[in-house]
Amino acid sequence: MATLDLQRIVKSFDATTILHGIDLAVKDGEFVVFVGPSGCGKSTLLRVIAGLEAPTSGDIRIDGQNVNDISAAHRGCSMVFQSYALYPHMSVYDNMAFGLENIGVPKAQIESKVSAAATLLRLGELLQRKPTQLSGGQRQRVAIGRSIVREPKLFLFDEPLSNLDAELRVSMRAEIRELHARLKATMVYVTHDQVEAMTMADKIVVLRAGKVEQVGAPLELYNRPLNTFVAGFIGSPRMNFLPVALLPDEARQGGHALVPQGTHTIGLRPEHAQIANDGPIAMQVSSVEQLGSTSLLHGKVGADTPFEMVLNGQTSTRGGDTVRLGLSTAHLHCFDSQGLRL
Amino acid sequence: MHWLTRLMGIFFNLFEPLFRLGQRVLGVSRIGWLFVAPNLMVFGLFTFLPILINFVYAATGGVKLMPFERPFTGVENFGILFECRNYFDIQTCRKDVFWRAIFNTAKFSVIQVVLMVGFSLVTALVLNRKIIGRGFWRGVFFYPVLLSPVVVALIWKWLLQSQGVFNAALVATGNEPIGWLTDAGWAFFWTVFVSIWAHMGFYTLILLAGLQAIPKDMYEAAEMDAASPWRTLRRITLPLLMPNLIVVLVLAMIRAVQIFDEVFVLTGGGPGSATTFIVQFIYQTGFAEQIHLYGLAAAASLVLALGLMLLTFVQLRLTKASEAGQRAR
Amino acid sequence: MSVTTFLTRTHGRGRLDWTDWLSYAYLLVGLFTMFAPILWLVMSSFKTESAIGQFPPTFLPYSQKSVTVQGHEKPLPLFLTKTESGELREMAQVRRIGIMATMVDPAKPETEIRVNINDRKPINELQFAGNNYTDLFGKFSFGKYLWNSVFITVVATLLTLLINSMAAFALSKYQFRGQKAVFMLIIATLMIPPTIILVPVFLVINSVGLLNSLWGVILPAIATPTGVFLLRQYMLTIPDELLEAARMDHASEWRIYWKIILPLSAPALAVLAIFSVMWRWNDFLLPLIVLSKPEFFTLQLALNSFQGELNTQWHYLLAMTVITLIPITLVFAFLQKYITTGIASAGVK
């Protein structure tokens, strides 16, 4: 169990810079999720932490110790790869024991550690099988088992659930969370799926183009996104963005202004939009999806700004209708012309 | 090149009526036979028929070439080959050159294959790293594979001349020149060395392809598992390469057992019969001696064929075993 | 990015460690081992007859300078000579008896002096004996051997491409009774090396009257199982719909083969052509048995027989060897990619 400190991590490959100076502090026992669109550098950052890539500049400290010059094997990290990277010619037992054999752990100890991990992950029956004889979920668990067995300071996960089908993903998410609670280990998890991030993380790090956009607890990112990117990335369905010009003048200025001076874009989550007969903005509804428990309204505001609304229960609104939106300051996110929160 | 297309056009027009006729007679599906016929005819005449006739030769004696002019002798040819007063002393054998050839071939095959595949493996491992200009280096080792065996033998014969470069180096360092090809031990050594020099590039290529099929994240996982480079090689790389390695070993063995061209030109089988191998024995017996003993040569060929069949059988078994152990990736 | 960064980029770690140095050292040793002998061959092939006999040999073809002196028919060899007065002069040697040599100054041919052979040193210059190569065509019917090899290689390759592609076409695009058996038979032939059927093949070639004929070497070699296998694998990837469309267009099967299948199989045909050129150019054992009259010798046979007879005429032998390896070297230089991919895919078999 350890703390992780990243200071000004820069990573370049030849002429391309992937990471532009990342600073991060992870507390002992935290579950941190790196999330972001493809190409944002989250996997690269993970590999730099692991020691599989050397940073171009910057410092990595695990438990206060600078590990820049320590090889991957001796940093005390373990990694669960996206493809699991199980050794196909070794049995499940051997796959898990390999790491311990390499550092010279006596056989009896290996045996007890492996069976402990196997029991934890319900792999007891499968110890003598080869990876090709296992299902995707089972292979996943073997990959996790392999990293547990080494009792590392830091657990690293590189998009481990992306190769599983949707149902399995949901159950594995819970299992990994349970594991975290049990082991109380520091875990760094990379994913492109913001639902995974929201449900699993103690702390989310949102990355874009090699820079940290925001760090915080899931709800903090949901309630107070610091810029339009984070606001649009977190939360599903995606937040609506309206140009402030859509608001009538009195809503923009004066004592009853709904938004502060300097606002350029307004953000409103679909689930926070309400129908109000005297609302300041009109929405032309184009289609309505009724799911029984909720209704999803698609449409436009203003000239051609797309807008979505999620209502509880069922609605009588139909496509082609026009409704007026009620805006309450509590749920309005205001961003300046640079996209930063005001 | 215009004349080339004209020529090809003529060729095309020549055969079309024949095939149209065939098509009408045989129908579309059976015309396949017409296409495969030339190949089959050549195979039949120059491969299958000879296989059968080989047995006839082995079972007949005399000096005539035509099989029907040869007296039937049964297994006498084999008897001549295998007749020895004392099986532990080659000198007492009737055809001691045969036994020497078999012994030489066996010794050569084992030594050459082990060394050559060893070098090929090391080279493949080196080439598998992040090397600048890998294609160039791969070509370096592969070039001698393309040279004809006669050229290869002459290149080395020139180097190993009594007045050649190697002896010049010896003399320059104050030593006596050595009869590289006239000393039995050295001659044997050079047959092994030269054949490794000429062929290792081929097997390096095959092993390299096998190495590159191993996914990169396997090595990363091993790195995270604190595996030293040596352990990674022993427990990850080599086991995953095993199927390729087996194929290479058996292919190399089959080829080594049939070695002839370069050795014949390099040493002529000498000194004495120190570097005479089985194919040369067959050639000598059937074509180079004063009297062409076709029967004996055919009998020896069948002994060789038996050995090769055994090797191929071993290969099939080993490949099946290793595949069972791996059950695909 | 600096040059050193580029050169030291290995292991993804940005640092060269000892294993990298070792690897490059190994590769350099390999480069030397593979190419130095060939380089030595080429250099030696340019040495004059006398230079060849010299021991110890030099790398570059040096030969003793000679000069024409008035009053002497043939050019005389030039030496750096120590005269009685102790000075060093360039002098030509007229004759040598025992340990005394008679030397003249090339400018003043009348004055002869006698010196001990130890007081003189030969003056060498770079001499490329191009006549080693040109003589071959004059003295040794080398042109004939070259022609034989070329003829065999070209004709055999064309025939190989033709009948192998026809067979591959039949085995990949048709379903006829006994097809599987035929295919199995052809694959089985892969396991029968020519070495074990030497005698009966000789009989067959003799019986059809092709002994001592170039065709006797061409015909047995053209039905290569590797070629059929390779081409078949490739042709299997050609969509059947193309043939069906052609049949709807009233194309005969031969036309389909010629105008559709062959052009589409060009890459595989190229690989097979390269292999075939290699095999036929380098053939030795079969031609050795079939061709016993010198006028039919291929380059390989000629090389072999010359090194028996003309053991002392290395300068010609070496030149012949170099010429023999040029075609394959050219193929290698320009078509390396085809060869290595062809082997890699065949090796997967």
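Each chain carries a letter (A, B and C) given by its place in the written order, and its residues are counted from 1.
Everything below uses one rule, namely that contacts are C-beta pairs under 8 Å (C-beta built on N, C-alpha and C of every residue); 3 or more make two chains touch, one makes a residue touch a chain.
This one's a predicted model, so the numbers in the text were calculated from it and none came from an experiment.
Asks: Let me check something: if the centre of a chain is the mean of its CA atoms, which chain is farthest from chain B?
Replies: A
Asks: Mean of the CA atoms for each chain, then the mean for all of them together: which chain is nearest?
Replies: That would be B.
Asks: How many angstrom lie between the CA centroids of chain B and chain C, rounded to a whole number?
Replies: 19
Asks: Find the geometric centre of each of chain A and chain B from their Cα atoms only, then give the gap between the two centres in Å, rounded to an integer.
Replies: 59
Asks: Find the geometric centre of each of chain A and chain C from their Cα atoms only, then give the gap between the two centres in Å, rounded to an integer.
Replies: One centre to the other, that is 63 Å.
Asks: On chain A, where are the residues touching two or more other chains?
Replies: 52
Asks: Using the touch rule from the top of the page, what residues of chain C touch 2 or more other chains?
Replies: Only 12 qualify.
Asks: Chain B: which residues touch two or more other chains?
Replies: There are none in chain B.
Asks: Considering only the defined contacts, which chain C positions touch chain B in the complex?
Replies: 7, 9-12, 19-20, 23-24, 26-27, 30-31, 33-35, 37-38, 40-41, 44, 53, 55-57, 162-164, 166-167, 169-171, 173-176, 179, 182, 185-186, 189, 191-193, 195-206, 208, 219-220, 222-223, 228, 247, 252-255, 257-258, 278, 281-282, 284-285, 288-289, 300, 303-304, 307, 314, 317-318, 321, 324-325, 328-329, 331-332, 336, 339-340, 343-344, 347-348
Asks: Enumerate the contact residues on chain A facing chain B in the complex.
Replies: Checking each residue of chain A against chain B gives 50, 52, 71-74, 77-79, 81, 83, 85-90, 98-99, 102-103, 130, 132-133, 146, 150.
Asks: Give every residue of chain B touching chain A within the complex, in rising order.
Replies: 215, 217-218, 220-228, 231, 235-236, 239-240, 325-329
Asks: Given the complex with chain C, which residues does chain B contribute to the contact?
Replies: Checking each residue of chain B against chain C gives 12, 15-16, 18-20, 23, 28-36, 38-40, 42-43, 45-47, 49-54, 56-57, 65-67, 122-123, 126, 129-132, 135, 137-144, 146-151, 154-159, 161, 163-165, 167-168, 171-172, 197, 201-202, 205-206, 209, 229, 247, 254, 258, 260-261, 264-265, 279, 282-283, 286-287, 294, 297-298, 301-302, 304-305, 308-309, 312.
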